[in-house]
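You will see subunit A twice below: alongside subunit B first, and alongside subunit C after that.
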Partner chain A sequence: MRRRGRRGDDAQAVLETALVIPILLFLVCNFIAVMVQVTVQEQLNSATALAAQSRFQAPENALDPAGTRCCGVPGTSLSTAGLPTGCRYAAESFYGTMTTYTGLLHWQRATLCTSGGDSGNAANPPAQPVAYAGSPTNAQVSCDIGSVKSGGAVIPGYVDRALNPPAGLDVVTCTASASLDFANTPLAWGVFWTPTLHAQAEALPPPFRQ
Partner chain B sequence: MTVRSRVTRGGRQRGQTLIIFALGFTLFLFSLTCLVADAAALYVWSGRVQTAAQLGAQSGADAVDPRYLYNATGACPHGAPGVCAVPIVDVSAQDRSGALYAFQRACIEAADQSGQIPAEATNPLVLKTANDPQVPDGTWCASDGCHVYAEISRVVQLPIPFPGFPETITVRGTGYAAPVAGTNVATSACAGIAWVPAPPPR
Partner chain C sequence: MGGEFEGVVRPRRTPRTRGGQALVEFAVVLPLFLLGLIGALDAGLWAVQTSAEVSAVEQAAMVASSAGSSPTSETAPDARAVLASVSGRLRSALFGTTIKSWCATNASGDCAPDATQRCPTTPAQVQDVDGPRVVVVCVSEADPPACATPPAGQLAPFPAGCEDSPMITVRVVGFVASFVPPGFGPGARGFELPANISATTHTLRFAP
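Right after this comes the complex of A and B.
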């Protein structure tokens, strides 16, 4: 009688364990997934902010000579010939910063260098940036950067009307978007969501360039 | 003492133990939840603030007028003959707003925006600018003439504050950056001649 009862207890314990372990694993997988998402989002924020700021470390009106490529990441080579050097600096900062968990990211490819764009106000309608001629369209980051052509023609950057209203201020903006996919990881067992991460950063030109 | 009364007392003790265990375990779990949530929030914010400090320092260094570093000269003002030093943005009075130098404005602006320092505690979406007082949280930027130094502090609201303990904690980050200047002579040391006439007030 006692032996049969103990055997029943053992069976119950096994059943309870079998029920609880998947739930615990599910929770652990999702905890890890949230942690990874937060880390990647922080990294994306930093990368876009540094990319926008890097533009100002390049000579002001320099253009990349023919044959220039970036950004040193295996399998990713972007031609920046004829584009503002600041744009390549921005891209190199971005690619150099995004170093971890990149295998989980599906990038929304964008035009690397754009110009123009306006945040808009009552007197000026908002405007979208336009791509530089010859700019790569498969970049992970897109930066809106003004420049001066060799003939002296000024190509405006993004005009943020919230700064120095109503005229606005010509700033540099960088954006990047990617979805975080856990499908090829063990976490796929318990993580059923694929968040899309987005980051945008704006850098003000130094006073001596304004 | 009869066998029956002994059994009854044992049952009561088991019930008492169960209640104490339930209360203790509840307290333990609650504390653990607080610890995990607060530690996670502080971990995220410390990284964010450190990045903001680095970005602020870099932005400040980028805002140093390179004409100063090259001892640039130009035509003298008001048609005076000869060659004069060009007015440098960082130290020219007309380019200063309030007590801040140009590099400080750039540094504070970038760090406050990146560190998401709210201008009002009630509305975290409105962020501080260089014109706002940088207390109780904000950015402080200085330079020794070779580097720009940024120190940012951010008051973080703990997601699940433990009763009896503070609801906020201030996290800090520091960053250094140097302005880039190309020369025709290789140098590895900085003379430390400040482009600011005196150490900026804190």
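Right after this comes the complex of A and C.
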């Protein structure tokens, strides 16, 4: 039987180290990536919740005058002329809160202002909200705000029939989706997944609006 | 005899040399292991702390937007009052870190009105003023432009947005403590983790 020499032992140790270190770094990278994902999801939830609540900080029937823009990133600002002011407030809150980790996010663009959705039940089919005329379609957040009276008619908000069933309640909903991309970070070395983050928030009108 | 075989047969490894090799291997692996362990612990700690900061600034923004001096107030409350409402939530997560309210003083030494607060925008700015392991809670207010008589052909209100309610921004910014003690990290002041979280909303008006 051949006895293994010192050189063989050394080679084995180097091989073991070469195997273990990448695995260790891979695990640490992925652990950090999960932590980043949790943190960004928290911030997305927070920004979406503030956006939904901001709708009620504007007068109910106010519309933005011509030339109004919001969320002023040069070249990508959104025109909100003719749209409910509450919708711009929602967008301003969202964009103003979602200021960190923006380099990691690829947004799924959506229509900024919609109205008239219905969660549905046995007697009422679910309905998708309809975009307000002139609403930008490249926003990072989409809010179903409703409740703006147009020519005397009330445009309904999103009817959530899980609240106060079966009639439901008109609520403001905001949604946002983005994928988290680690490609431009040092974590890209060991992180090969790109999770999609989604946040949805509902806000009920305050008592003086009900 | 010994000289005859020198260079042909290697001397057998003694327990002492084996012990030396194990020591060298251990010395190589230990820093890597500790780096991975502390990195994972700090990543977890960072996630917990950031989560607490996110929820705290959200709550603080809601407080600041609705806690004016009267129902029609358009002025944000003092940062110290806002900090008091969220300090418990922050202190439970940011252990080892000093939490302060940001106060830009005026000529008489009082906190300037919130509209003129200049919140720090990077953790380094806080570190320069207050040192490491300090985060500040800063409340700032952005007022809309004053309304003016619209020029011919334009409708009131003019300029656009002049009837808006002010926007309140609450920011938690600074360096928070981590598991690596001061002086042992890569930085001159330790290995603190940066925090820079903000929340923005309009002030609440009791509008119809």
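One rule holds in what follows: the second predicted complex is superposed on the first by the 191 of 210 C-alpha atoms of A that agree within 3 Å, B and C clash if a C-alpha of one lies under 4 Å from a C-alpha of the other, contacts with A are read in each partner's own complex, and residues count from 1 in each chain.
Operating definition for what follows: contacts are C-beta pairs under 8 Å (C-beta built on N, C-alpha and C of every residue); 3 or more make two chains touch, one makes a residue touch a chain.
Nothing here was measured: the structure is a model prediction, and the numbers come from that model.
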Identify whether subunit B and subunit C fit side by side or clash on subunit A in the overlaid structures. clash
First, second, both or neither for A:Ser119, with subunit B first and subunit C second: neither
Comparison of subunit B and subunit C by subunit A residues contacted: C
Tell me the contact category for A:Gln108 with respect to subunit B and subunit C: first, second, both or neither. neither
According to the stated criteria, A:Ser79 is in contact with first (subunit B), second (subunit C), both, or neither; which is it? neither
Look at A:Ile32 in the shared chain and tell me whether it touches subunit B only, subunit C only, both, or neither; answer first, second, both or neither. second
Given the touch rule stated above, what does A:Leu50 touch, subunit B (first), subunit C (second), both, or neither? both
Return first, second, both or neither, reflecting whether A:Leu204 touches subunit B, subunit C, both chains, or no partner chain. first
Tell me the contact category for A:Gly96 with respect to subunit B and subunit C: first, second, both or neither. second
After lining up the shared chain so the two structures overlap, which partner does A:Ser179 touch, if you call subunit B first and subunit C second: first, second, both or neither? neither
On subunit A, which stretch or stretches are contacted by subunit B in one complex as well as by subunit C in the other? 35, 38, 42, 46, 49-50, 53, 56-57, 208
Mind pulling up the subunit B residues that touch subunit A in the complex? 40, 44, 47-48, 51, 55, 58-59, 62-67, 89, 95, 102, 105-106, 109-110, 113-114, 180
Touching residues on subunit A, where the partner in the complex is subunit B: 35, 38, 42, 45-46, 49-50, 53, 56-57, 201-204, 206-208
Within the complex, which stretch of subunit A touches subunit C? 5-6, 9, 13, 17, 21, 24-25, 27-28, 31-32, 35-36, 38-39, 42-43, 46-47, 49-50, 53-54, 56-62, 64-69, 85, 89, 92-93, 95-97, 99-100, 208
Which residues, counting only subunit C, touch subunit A once they are in their complex? 10, 13, 21, 25, 28-29, 32-33, 36, 39-40, 43-44, 46-47, 50-51, 54-55, 57-58, 61-62, 65, 154-155, 157-158, 160-161, 163-165, 167, 169, 196-208
